[in-house]
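Input: structures, listed below.
Consider the two complexes below, in which chain A is the common component and chain B and chain C are the respective partners.
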Partner chain A sequence: MNSLFTPLSWSDSGLILTGVWNTIIISVVAIVVGTVLGLIIGFARSESNKVVNALFGSVLDVLRSVPLIIQLILFSTFVGAMGSPLAPFVAGSIVLSLYTMAFMSEVFRGGFESVSPSMQTAARSLGMTKWQTIYHIRLPIGLRAVFPSWLGVSLSVIKDSALVSVIGYMELLRTSEQLISRTQQPLEILIGVGIFYFIISYPLSHYGRYVERKMAI
Partner chain B sequence: MDYEFHWNIVFQNMPELLNGAFVTLHVSVLAMLLGVVIAILLAIAKMNNTKFFCHVATVWVEIARNTPALFQIYMAYFGLGAFGIHLSPYVAVLSALVFINAGYLTETFRGGFQSIPTTQYSASKSLGMTSFQAYRYIILPQMLRRIYHPMTNQFVWSILMSSLGILVGMSELSGTTQRLQSLSFRTLEFFIVAAVMYFVITKLVLFSSSLLARRLFKGEI
Partner chain C sequence: MISVQNVHKSFGDLEVLKGVSLDVEKGEVVSIIGGSGSGKSTLLYCINAIEPINSGKILVDGVDVHAKETNKDKLRQKLGMVFQQWNSFPHMTVLENAALAPRIVKKMSKEEAMEIAKKELEHVGLGDKLDVYPTKMSGGQQQRLAIARALAMKPDYMLLDEVTSALDPELVGEVLDTLRLLAEEGMTMICVTHEMGFARDVSDRVAYFHQGVIAEIGEARQVITDPQNPLTQKFLSKVR
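What follows is the complex of A and B.
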């Protein structure tokens, strides 16, 4: 029995730190790419071209109505079957970014649509060009309004990044799973993992709520 | 494209997949019902002046909201083993979903309740209503209207997250898909069908929810 399982030791900290780092890096990639794409699509959709709207709408709908875990498995099997398998990190980043994009585009669309048309008319009547109106009026006002929602989506992406473990990416939860199967100490390891996510998520979610309250008044 | 699709085997196994879909719905409905009951209690506890209950509710809500669903499921499935509690995959996923649903819905309920001005309660009292009548006819109908959409979203979220059962060997839709594909190696076909089924389930839920909303609120939502 003793030779089969070895308890948790300090030499495992390297593995855990790799997991922490991998979780952080894939979350950051997904949030950045998802935000940029979501911003573009959200803006395009708020420009209310019905055809573009319906097209993007239906694609984004699929991304939001199919579980992330199924999307991950489907995508990585698909690229494998097509003969060009991707590294777990690349496949995971692509799926997670597109998934983030689907939510972000809704957030940004709401933000852009919250800028009242009369404000844009006013900007135009002051002699601003169309791009100046977008850059100086719609972007800052629209983005400011959606900051709490953006933060909420970002936090859920950090939590959802745990699912990338199913396609073999060594993020925190997967490293902990491996440690559990070696040490047979599930409780200690899992609590540690939970604390890590909590430490990241808790302050930010409170900050989001604080900003939301401040803006409401 | 060298891949050849074989759909036949998927259609042969359709009854099992449908059975999996049924389990998915089953676990999410149950998680939602239990989650709502606990969330009502937690929301009351949070608005209560008794410090102890308020703290318990706060800790529950914050843990549920700030840790990944997968972590909760692992905790229920592997973590509780340390206390000698061994849950079946179904119960583990169910309890994790109930835990999270309760956490999120608590905030929804509290927000919905606090969005009704207290003057409405005083006004109904001054019209001669009893406390029960004031809640039954004035406060709760308005509150239901405000929490209806967040609740629908939470339900859809539960359906999608129950797919994590695949990781603990539960036999809901994705778990069944995983088992069937490992028997036949038609991974792509099986998961495409599973994705379509999740999409259809989600759409059906949203559609029936908006039908129900139309009946309940007569268009004013």
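What follows is the complex of A and C.
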């Protein structure tokens, strides 16, 4: 019964750190994969015609409109029912990455479309090829314009990763729930967990503001 | 030499160029005047292959601009263009703006490109702004940057599309002075402009565009001060 009164004993810190680590890992995977895919789709959407856009758009709309928790449960139940259940980390990474991708693609599309056609014409008039214009003008200007939004999506992905606990992934929230059920001290533990999320997110947003200032255009 | 031969150009149902022919010799400065929608800017865009044409031919040093086999990116290297909107690249310093194209298009070394860019920036009077970001500069300064950026590619021709129209009145002078300097140095230029004084004093010839055709073309001073075509007379009386 000792642990009832010492919820943050040394033996528990190992569990909590595992949770912290797992939260960081799945967030990084989702942000990296979501950013890369979002960049590609966002660029394609800013370039392509209405039909392609409508097709892409409706898929992205579903990903963005259905609550993440439902997507997680549906996906892991579905692949489980198909006979080849995935590890919670894998299933969670896939769903969270696609979910992130849906938001990121809109962010990047907005950024690419914010670079005026006349700016690109000016670049082409200097003899730059289409791809040189994209690489040297459109990409850097568009990315700078959307950096704050990108950071916002990334920060919310870190927090949203808590939902992956519903399919059994041992991230920070899930580990804390286990501790709570053992110790019956939800207040202390949840405050502690909240502080951990803050410690992960705050430096990021702080660093983001610094970067934003540095590349202000 | 730039040779425009009976060029027709439509945007959808709207025909903006209805058979335009114009020859511009090396070293010549030709100003194009005319009301808005008369097709004067479109002609510049067609010369630079930014806009395709429907029929006719445009030759730059004998190369057919709109032929399929023409490498348009390569062609544009000898046609410097400056626009009404200066379009500075906001994520680069003034020096980097001017050095970008020499570096990536002409594949110069960074030092070489910077050297040329610096020279052209000093040329247009921006030698003290090399490390400034263009958004911190006035419209006139940014437009001079656009001119230097085009010059850094060592073009044989300059196409200038109403380069002072978007500027505050007090900034127009510095840009016109820069163009005057270029003209004196023998740069071949086609200037679409609303500055009649500039057209009269700096250019060799002036062409008056009216509804997609050249209504009058001739020696600059003569067209501006003593136009023969009643349409030109009417336009100039309204502008003054």
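Everything below uses one rule, namely that the second predicted complex is superposed on the first by the 193 of 217 C-alpha atoms of A that agree within 3 Å, B and C clash if a C-alpha of one lies under 4 Å from a C-alpha of the other, contacts with A are read in each partner's own complex, and residues count from 1 in each chain.
Simple rule for what comes next: contacts are C-beta pairs under 8 Å (C-beta built on N, C-alpha and C of every residue); 3 or more make two chains touch, one makes a residue touch a chain.
Bear in mind that the values here come from a model prediction, so they are computed numbers and not experimental data.
When the two complexes are overlaid on chain A, chain B and chain C sit side by side with no clash. In the superposition on chain A, A:S118 contacts chain C only, with no contact to chain B.
The superposition places the C-alpha centres of chain B and chain C at an angle of 100 degrees about the C-alpha centre of chain A, rounded in steps of 10. In the superposition on chain A, A:G127 makes contact with chain C only, while chain B stays out of contact range.
In the superposition on chain A, no contact is made by A:V20 with either chain B or chain C. In the superposition on chain A, A:L37 contacts neither chain B nor chain C.
After overlaying the two complexes on the shared chain, residue contacts for A:P140 are found with chain C alone; chain B is out of touch.
Looking at the shared chain after the overlay, A:M82 reaches chain B, while chain C stays out of its contact range. Note on chain A: of its two partners chain C and chain B, the one contacting more of its residues is B. Per the superposed model, the minimal spacing between any CA atom of chain B and any CA atom of chain C is 23 Å. Applying the stated touch rule to the two superposed structures, the chain B and chain C interfaces on chain A have no residue in common.
Residues 1-3, 62-63, 65-71, 74-75, 78-79, 81-83, 156, 160-161, 163-164, 166-167, 174, 187-188, 191-192, 194-195, 198-199, 202-203 of chain B are the ones that touch chain A when the two sit in their complex. On chain A, the positions that touch chain C within their shared complex are 116, 118-119, 121-129, 132, 136-137, 140-141, 144, 215, 217. Across the interface of their complex, chain A is touched by residues 48, 50, 73-74, 76-77, 79-81, 83, 85, 87, 89-91, 100-101, 104-106, 133, 135, 146, 149-150, 153 of chain C. Residues 62, 65-71, 73-74, 77-78, 81-83, 155, 159-160, 162-163, 165-166, 173, 177, 180, 185-187, 190-191, 193-194, 197-198, 201-202, 205 of chain A touch chain B in their complex.
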